[in-house]
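Same chain, two partners: chain A is paired with chain B first, then with chain C.
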Partner chain A sequence: MGVYIKSSAQISIQNPLCNDWAVSPIIYREPYARAVECDYKKYINPIAARRMGKILKRAIAVSSSALSICGAAVPDAIITGTGLGCIENTEKFLSAMTMEGEEFLQPAYFINSTHNTISSQIAIFLKCHGYNNTFVQRGISFESALLDALMLFETGTVNTALVEGHDEMTQGYFKLLDKLDYWRKEADGKGAVAGETAVGFFLSKEEDTVKIEGTEILHTPSMDDMSRSLLKMCSDAGISLKDIDAVMVGANTDEANDAVYEAFSETLFHGVPCLWWKHIFGESFTSAAFGMYVADYILRNRVVPSAMVWKNSVKSAEQIRKILIYNHFNNKEHSLILLSRW
Partner chain B sequence: MEQLILELKKQIIEVLNLEDVKPEDIDSQAPLFGEGLGLDSIDALELIVLMEKNYGIKLGDPAQGKEIFKSVETMAEYIEANRKK
Partner chain C sequence: MTICVTGIGIISSIGVGRQATLDSLLTGRCNIAPIAHFKTIHSDLVSAEVVQSNEQLIELLGGGLKEPLTRTALLGMVALDQAYKEARVEEQRPQRVAFVSGTTVGGMDKSEQFYLDFLNNDSKNQYIASHDCGRCSEMIADYCGHFDIITTISTACSSAANAVIFGANLLKTGRTDMAIVGGSECITKFHLNGFNTLRILDKEPCRPFDASRAGLNLGEGAAYLVLESEASALKRGVEPLCKLSGYANFCDAHHQTASSEDGEGAFLAMSGALQNSGLQPEDIDYINAHGTGTVNNDLSEGIAISRLFSKRGIPPVSSTKSFTGHTTSASGSIEAVISILSIQHGFIPANLRFRNKIEELSFVPSSDIGLKVDVNNVLTNSFGFGGNDTTLIFSKYKKE
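Right, the complex of A and B next:
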């Protein structure tokens, strides 16, 4: 049994619902930018959209887009990962409570302030009565949603699933993290750029170009743990470590963050091309979804955009058949996703 | 009254997030619920909050809502007669 990526769609700090990023990515000098929005009227009736925050509109748009690309209507399951949920509406609701007390709270902000609103809204919009779940696991939220989906496929519970990652980056939250020196400082140009995530994948048991071989989530692993986990993942996929043609890492120019990837790639993948995505799509709790999005694009289109090469040049994109995506969150939660061109 | 109706239309657009609607698009006498703007029960809650917050009117009897929220005009008339701020 295999699980394949049938289609995907993204809204981010790059141009939405397209792959312009691969040819002419938008480069941000400032560490904070909101996502580039699409025309939501194409996907949602404005009256229905009036209570939706940005994150919900984006979720509907990427879901609709991913489904329409492969001509699917309703998935068997909708599973999303989100670190912060509908944080913008939550902030509005809490700010109103702080400023005006509990008397004048607007119900729409309250209704939309819960994390699971995203999966629910997609289900209501698609009239999907199947399995519906939301994973709020900070930096491994998307990977947890993906793991859940793979287990549902494995047990034969579903034949198709929408698996998504969603996060907003409000100015308030950005500033809080900025106080912790989380973001890029203009002086040296090093450090993470914030991003917003809205990525949807339509997965199916039906064969397609890109197969998800497996995923692993590890908590504070040693290099030996990583190695063992990788070897098991490769063994399950019927391959060896040297069959992995490229490693896509969550490097973001922050020295402490990137040192983990340096050690990993030097120890286990010396000389193997390393790709990255966070300098283009930014950092968020669910940014690993963009790692999978970019890896899927590379395998499907047999092209490696030059901006995505982190180190060790790619000799031939045609020869890249297996990509390992490695991401970590604060060097505590680590995740591996293995994709192959089928 | 005309001034209050215009003010109310602007507030309704803002509080209900009717992005593409302009005050002149709202017929003062058209039904707010069902037809017309097509508002629903959650919008009714938003309008109750709006009246209390902006005009100091606390709706004691929920049954009154049906008459008060019939149209922007009926809302304005009720606000004019009962406003505390």
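Right, the complex of A and C next:
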């Protein structure tokens, strides 16, 4: 049995619901930018939309869009990864409680503050009674959701699934994370650019161009653990390590972050083309969803946009048939996703 | 694959550890009182707090822990440590071990305390990094030992039950040899006020499945279950406490904070779990209901129970939230542990403070304290915001 990507859709700091990023990406000089919104009227009735935060509107739009691309109506499961959940509403409720006290609070911000509001609202919108879950494991939230979906396919629980990554970045939370040195510093121009994530994938057992060979999440692995995990994933896919044509890494120009990818690629993939995506889509807890989005685009369209090459040039996009996506967070949580052109 | 539970750990307002919890359940002792651990204007809303302060929890853990610590992480550490030791994970370590935890508040207890410091000065920045839910699981896991996989689930009040499903699937698909699963949650001012704006908090001790029910009492705590295959337990020489025989998650897809009138999501979850276990409705000896005590939940859940079970007679039903309060993201595993205790010790945990039947329902909850019954199969429900409905079934372990 295989699991295939039938369709995908994204809203980000690049142009929404299209692949303009591949030809003419928007380049950001400042480390803080919010997503480019789409016309939500196409997807949500404006009265309902008024009550929804940005993260929910984006979720409905990418879900509808991914489903309509492949002509599907309702998935068997809806699984979301989100590092921070509906942080805008969380901040609003917290701020009102702190500044104005406990007397005058309204329920709306609270109702739409829980992390699983996203998956639930998609389910209510699609009238989907199927399996519904939400993963919140920092930088590997999306990969946890993907792993959950693959296990449902393997155990025969579902035939299709909508798997998504969602995170919004408010000005307030950006500033808080800046105190922890998350973002690019003006002084040396190094460090992550913040992004916002809204990506949806419709996955199915039905064959398609791009197959998900496997995914792994690992907690504080050694290089040996990484390599063992990778070899197991390759052997499950019936390939060897040298069949992997390109590695997509979560590099973001932060030195400590990128050193992990340097070590990994030098040790296990010497000379193999390495690609990246976070300089285009920005960093967020669920940015790995863009890693899979870009890898799927490359395999499907047999083209490697030049901006995506991190090191070791690509000789022929045509010959890239297998891409490994490697992402980590704080060098604590790590993830691997293996895609192949089928 | 037969999935066994080989260790449990629990902390809640009715005690630390399995024995204290069992004693409270068998004697009808609960601790529902005004909030003591933080300042709030809602002192009239009673809650089920864990008695120990953060300092006392650190003491329980042997001291020497470094800040930043959050209460959800501390509660989780206490429960995980018990489960870890009972299953002798350290001495007989399987190859790959996962930790899957449910929480929704994460580090909110500190964020709400230090929010102004976050905004105005740099004195409490270390708690910015402990805000998100995933960090909470990292803290709990790293306190106890080495885990190969950790992840966190947040589906509000069904989080811990969904962690059980994810862990079971890790075992079934051969990804890990053991999965320690459950959830942890402390009471915060944030969700106390949130639930209060929804007007679903009772000022009196809650009365699940009673005609006069008027809302829930928030509780707090943590519980974890060690899951492994029967083969793994036998190989490690650890006696299974019971089996996890079935589970399912479905979505009510009705409303963000209310359950549907016909309890469709709950019905699908219970039916799905029965199907997954291969058991029939008449095989269930006890239903540990979600039973929050809100007007909406208990009616909707009660209707779903009637739809599924009334043909062959509804088994004893109770909501142990009448003991522990609603421990939100931890409730799924706290009630799983209570269900396991009911199998091990052969009793039906009581539904406290029941007086009058809900008119629309055909059954009343089991209100006798310490009712002795042979319990082979228990079905336990956990329903979260957004109609996230999860059912787990635990069964007596018999060597095959």
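One rule holds in what follows: the second predicted complex is superposed on the first by the 342 of 342 C-alpha atoms of A that agree within 3 Å, B and C clash if a C-alpha of one lies under 4 Å from a C-alpha of the other, contacts with A are read in each partner's own complex, and residues count from 1 in each chain.
Simple rule for what comes next: contacts are C-beta pairs under 8 Å (C-beta built on N, C-alpha and C of every residue); 3 or more make two chains touch, one makes a residue touch a chain.
All of these numbers come straight from a predicted model, not from anything done at the bench.
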Is A:Lys311 contacted by the first partner chain B, the second partner chain C, both or neither?
neither
Where does A:Lys205 make contact in the superposed view: on chain B (first), on chain C (second), on both, or on neither?
neither
More chain A residues in contact - chain B or chain C
C
Looking at the overlay, what does A:Arg51 touch: chain B (first), chain C (second), both, or neither?
first
Check whether A:Arg341 is in contact with chain B, with chain C, with both or with neither, and answer first, second, both or neither.
neither
Figure out whether A:Glu100 sits in contact with chain B (first) or chain C (second), or with both, or with neither.
first
Touching both chain C and chain B, counted on chain A across the two superposed complexes
103, 105-107, 111
As the complex stands, chain A meets chain C at residues 78, 83-85, 93-95, 97-98, 101-103, 105-107, 110-117, 119-121, 123-124, 126-138, 140-141, 144, 147-148, 151-152, 154-155, 172, 176-177, 179-180, 217-221, 225, 285, 332-333
Inside the complex, what are the residues of chain B that reach chain A?
15-20, 38, 42, 45-46, 49, 52-53
Within their complex, chain C touches chain A through residues 40-42, 99, 104, 106, 111-112, 115-116, 118-119, 122, 125, 128-129, 132-135, 137-138, 141, 146-156, 162, 166, 169-170, 172-173, 175, 189-191, 193-194, 196-198, 249-257, 264-265, 268, 384-388
Which stretch or stretches of chain A touch chain B in the complex?
46-47, 49-51, 100, 103-108, 111
